[in-house]
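As structure tokens, here come the structures.
Each of the next two complexes has subunit A plus one other chain: subunit B in the first, subunit C in the second.
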Partner chain A sequence: MIEIVQATAVIEANSLCVNIKNNSILKSLNFRVEAGEIYALLGGNGAGKSTTLKTLLGFNAPSSGSVKVDGKEVINALNHVREKTAYLPESATLYTHLTARENVKYFLSLADIQKSDDEIDQAFDRVALQRNARDRHMQTYSKGMRQKTAIALALLREAPIFLLDEPTSGLDPVAIDEFNQLVRELASGGATILMVTHDVYGACQVADRIGLLRDGELVGEFSAPQNGQIETEQVHAAFAQRGAA
Partner chain B sequence: MSYMFKQLSREWRFMLRQKYLLVLLGCAILISGFSVQSGLNEVAQQQQTIERLKAADVADRTDTQNKQDEIGMLAYYTFHLTYSPPSDLAFAALGERDIYPWKHRIKMLAIEGQIYESDTQNAELTQAGKIDFLFVISALSPLIVILLFHDLFANERSSGRHDLLVTTAKSPWALWGARGAIRFISLFLCLMLPFYVGAWVSGTSLVAVGLVSLCCFMYLAFWAILSVYWGKNANSGPKVASGLIGIWVLFAFITPILGDLAINKFVHSPKGGDIMLTQREAVNDAWDLPKEATMDAFTATYPEWKDHVAMQSMFEWKWYYAFQQVGDQIAAPISQEYRAASQKKYELAGYASLLSPPLLLQRVLTRLAETDAVAAHKYEQQVRAFHKTLRLYYYPFLFAQGEFDKGNLANLPSFDKFINKQHGVSDTDSAQTTNK
Partner chain C sequence: MSEHSSSTARFAKMMVVAKDEWRYWLRSKLAISVLAIGLILTLSSVVVTAINTMELSHTRHALQEDAEQTFADQPDRHPHRMVHYGHYAFRAPSPLSVLDPGVDAYTGNSIFLEGHRQNSAMFADQKQGTALTQLGSLTPAFILQTLAPLLLILIGYSSVSRERESQTLTYLLSQGTSGFTLIAGKGLALMSVIGLILVPVAISALFSLHEGESITAIVGFVLGYALYLTVWALLVLLCSSALSKNSESFTALALTWILLCVVMPRVASSTAITTVPAAGKLETDFAVAAEMRKLGDGHNANDPAFAQIKASLLEKYNVDSIDQLPVNYRGVIAMTSEAKLTQVLNEFAEKRMQTELAQTDVSRDFGWLSPMVAIRSLSMLTAGTSIETHHKFLREAEELRFDFVQGLNKAHVEQLSYQVDMNRNKDTDSGQKARVNAQNWQVLDDFSFAVDTPSLRLQRGAPAFLQLLAWIAALIIVIRLVGKRLV
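Up next, the complex of A and B:
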């Protein structure tokens, strides 16, 4: 059962429907993410995870229903929503002819944010990007290193809301642990985090709540117990039972 | 540092790191520089030719005047150089100066044949044209614009950066606006800098430079906006480029060619050679006609000489020049038809140019540079009008005054003085000139 809590939500979808090229991708989707919460939207391929993220970022307009970020209708407050949001794409392909540092500086400049080299290095340290790689062209980077650079960029933006698209995809187990630790730190600092993923185990490790998405609808929600983790077996069973392949 | 300057500065530094963009811009400045240099050389060559011919013209005329004493012989052997000097903007748009003659050596004989004598020459050679600044801007620069702008969005989408860029940028202007503006300004400067140097060397007026800059700016902006619009939702750069190149081919080649074919199909024009032939046949036939027939036709145009047409011998110069005049009168209708057809073609080409931006730019710039068909026809009319002043100078000596004093040669019309006095001859004026 989906429990509707009448508290202030940082991210909120109410009866959200999105049609793309006459295909109904999201069908009356309802979910809320509270401040400081880590929420994982879990679903298989074609469940509507990426469409949900794109709608939250204003790339898709709802065909009905509403989607709010920071209390504002996304479609009516795009600049505000994007300013408050740090987005981490699944495949963070930054500019390969620039170094990681140059990439970060370029993107920060786009957001009109000034950061010193020291601050950038601190962000790189937090994501454990090797020092000798930071001033190297990114064409030599592995997928994990590119992902770390993008995470560092998201950190440097100091946005209160993080939208993460398959954030641990391509990371090695150590990096995944480090990333999960980082996400928890962010949330404990007040950041609201919505991640979409098909990784049941990863979602259970880090999320406070998990929403199970199937064919554009939320078909179940799981909450972590106080000071504990959501049980992977329970989520996995629901994921498999409900046919979210 | 203002917000806008910060965005432009960032995108400028970003562009400097993209080698393929720098290569494209380098190509643009090289091609533009070559075309301006080529135009300057061509104009310098034309100016040198005019100066050389002017000196030779004076020497030749002085020599003839020293050798000949009789007025008819003087009129027959004295040549006069007429010319249309290139404007100070001609280096940028050589226009029709490849096709229409811009210099003649004329004498007191029938003028129509002399004007159109060169119309039968070099038709194939002139087809190739020359690579001038106008060609680079109108025909080649759209390709560079397409290459610079076609993947503005598609490249970011196909690389997976688009959404991150858009959600990170403070505003669309900060990203796409600044990036597009830097590319556009860089290309504009690369293409225009050689032109500005050429304009400075040629002493082109600031107004002309400003107008050319404005036209080129609008033209390049058209292609940039089209490229951005065409590719704004695309994921594949090559597909966008293919579509845009198709549009370029349509505007730069297919539309002008179809327009030209349609105009030539619907507007029939005699050839310059037909005018020359008509006039020469009339002159040749006059030898066998009764002299009264020639003189009557002559005095119909110049009634002031009707009391001086009686002849004392089988050959007199006044009869000879009268049938030259009549030759022009007979050729006048076909000559006017030729000019009317040219004017009609020019008008219709104007409508066709509304369907083809490259053609429109060519039309506007050649007008500004006075190297178009209008300027060529204006020069022809100047030649006719000048020739008329020669007739008005010689006729009194041929028909009325008998003995000719060489001291009168000081009053012989010269084309230099004539064009200084007469800037611009209207079609109406010149049509009357031809009939006379």
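Up next, the complex of A and C:
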């Protein structure tokens, strides 16, 4: 007899509504991301992608519905959720008066995580941040270098859940490929990854599933076939047909 | 995680934030310049004011001894001439006045004591200087009360708002740091700056131990300033946390500084003067003169005002005329007149002092609205440079005046016969005879003014302490609310 096991949802939004300054940003949003899955929320500007991530981090309170991370209602378990989550903002805003290494050490110490210089270097190696740049003040960094530093920090957090906001923004094509590879490695290691993006091609390359977000609602979902990728044309057509937002 | 280990972890995070804030300051030219200027100003004001006060103290002690010696060295004279020769009482500055000269700079520090008069204190520092120095000296109290808050504003106005403006705030909070922990960490950094500012002040205050100051007063003094600057650190954190932009935070804090440090103290003074009106000097002088006229002229023994005294003396000694009295009638009149006159003068002086105190109380109540008013009161009270101390000096000087004048009048009564006294202007020889021995000039008590006890000073300062604590409690409550909503 075959036992059917219900996959565990690590991230779950049920009829999630979020209002900000009397504007309804998320309208009955439903989606779930399972353990070890890479889920991409795809949407145009103003679709509610960043709001969804901020709600998952507890920066926005749901006006109705529920949002759970690691099985817990976010609003009731802020510390737990933030401890389990590595967040990568769209524009990696790190401190320009610090070096990349100092930035990483500072943010790690705020998360109660101690890492040696070697471990930090290993993370920098994984994101291909140049060695001679690691101890330079970040005011001289390009957007891509800052993004790599933030990704290195997310890796060092060793969190089981990754929330990535436009993660490949500012990266060159080679770095994007390296990043996608890294994301797949993390997922195969058991990490749950939710990324929000407007990059159809990038999302199709890396995601196991894609949710199409439009005007605060999930209007479609696409799943990758076994050992394959989601078809870009199919998603692109849906994205274009349904409109960016 | 237990509650204890949770608070330890939270405190560790606060320390991490505080250390980073220092790293930011040390790498920022503006912040480091502001810090350096603040420290140099505090140190220099402490040194300069300490030297000035020590010189003043030395000078006043020397002048006091000199005045006493000069009085005692006077040759044989008619005792009433010595009453008008007069004497000086000098107020030695309190040990903590090196840090806060308080009202000393505006009230006089010496009084000329003579018969039949209560002179005002004179030689106030601010009246001796040029017009420019009357704007106020760069004392440690001025630095701490007025400039130190500006220093805290300059280095702290962007402490939280710059995180929001540069979009690091969300990233920081997503690392598992609570808004309150972040604000508290920034607060710890500001508190360490306060510590730096207070170190030279505390060391200087401890030096006053050698001048006889008590450790209780010193602790109260330094603690008062620590509370005051904590209020400012909290105000800085509140504006920086609640407002989204650095420019908004700076503008709000600059306006708050103007309101609390410049406007409110003046509103307090104006309100005090309006609600408790005081009679002007001319008005008071006329009223005193009118009362004095009723008492009679003590220089004229035949003044009808003294008829009753004359009658009672004649009856007491059972004689027919004042020539037959065993005491000098002129001396008795001088003595009695001085006592009555002093009573009238003291009544007016007490009334004036009570009015001044009532005005001061009204002004001090504004400490609930301005921490600057609270610390100004607390600082002067604990340093022993408040209006209460000045009044104590006036009362003690008056006591000294009355005692020495009556001592001389006693010599007039007992050691100079009425006949000789009446003939003193007849010729030179008679004038020479109408003198008493210079030994009688030893009537002066050693005058050494001391401020009130530390417990009394701190007791008077208790409301100001409460005002500062109330400010701190209210600000912490608001910051906690802001911290919960920090995004």
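In this section, the second predicted complex is superposed on the first by the 237 of 245 C-alpha atoms of A that agree within 3 Å, B and C clash if a C-alpha of one lies under 4 Å from a C-alpha of the other, contacts with A are read in each partner's own complex, and residues count from 1 in each chain.
The working rule: contacts are C-beta pairs under 8 Å (C-beta built on N, C-alpha and C of every residue); 3 or more make two chains touch, one makes a residue touch a chain.
Given the structure is predicted, the values throughout are model-derived calculations rather than measurements.
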Which term applies to subunit B and subunit C once both are placed on subunit A by superposition, clash or fit? clash
Would you check which partner chain A:Y201 touches, where first means subunit B only, second means subunit C only, and both and neither mean what they say? neither
Scan A:L94 for contacts with subunit B and subunit C and give back first, second, both or neither. both
Does the superposition put A:S109 against subunit B (first), subunit C (second), both, or neither? both
Subunit B and subunit C footprints on subunit A, overlapping residues: 54, 57, 59, 79, 82-83, 85, 87, 89, 91, 93-95, 97-98, 102, 106-107, 109-112
Residue set of subunit B touching subunit A in the complex reads 3, 6, 10, 14, 17-19, 159-161, 163-171, 174-175
Contact set on subunit C toward subunit A in their complex: 9, 12-13, 16-17, 20, 23-24, 27-28, 166-168, 170-178, 487
Along subunit A, where are the residues that touch subunit C in the complex? 54, 57, 59, 78-79, 82-83, 85, 87, 89, 91, 93-95, 97-98, 102, 106-107, 109-112
Mind listing the subunit A positions that touch subunit B in their complex? 54, 57, 59, 79, 82-83, 85, 87, 89-95, 97-98, 102, 106-107, 109-112, 150, 153, 157
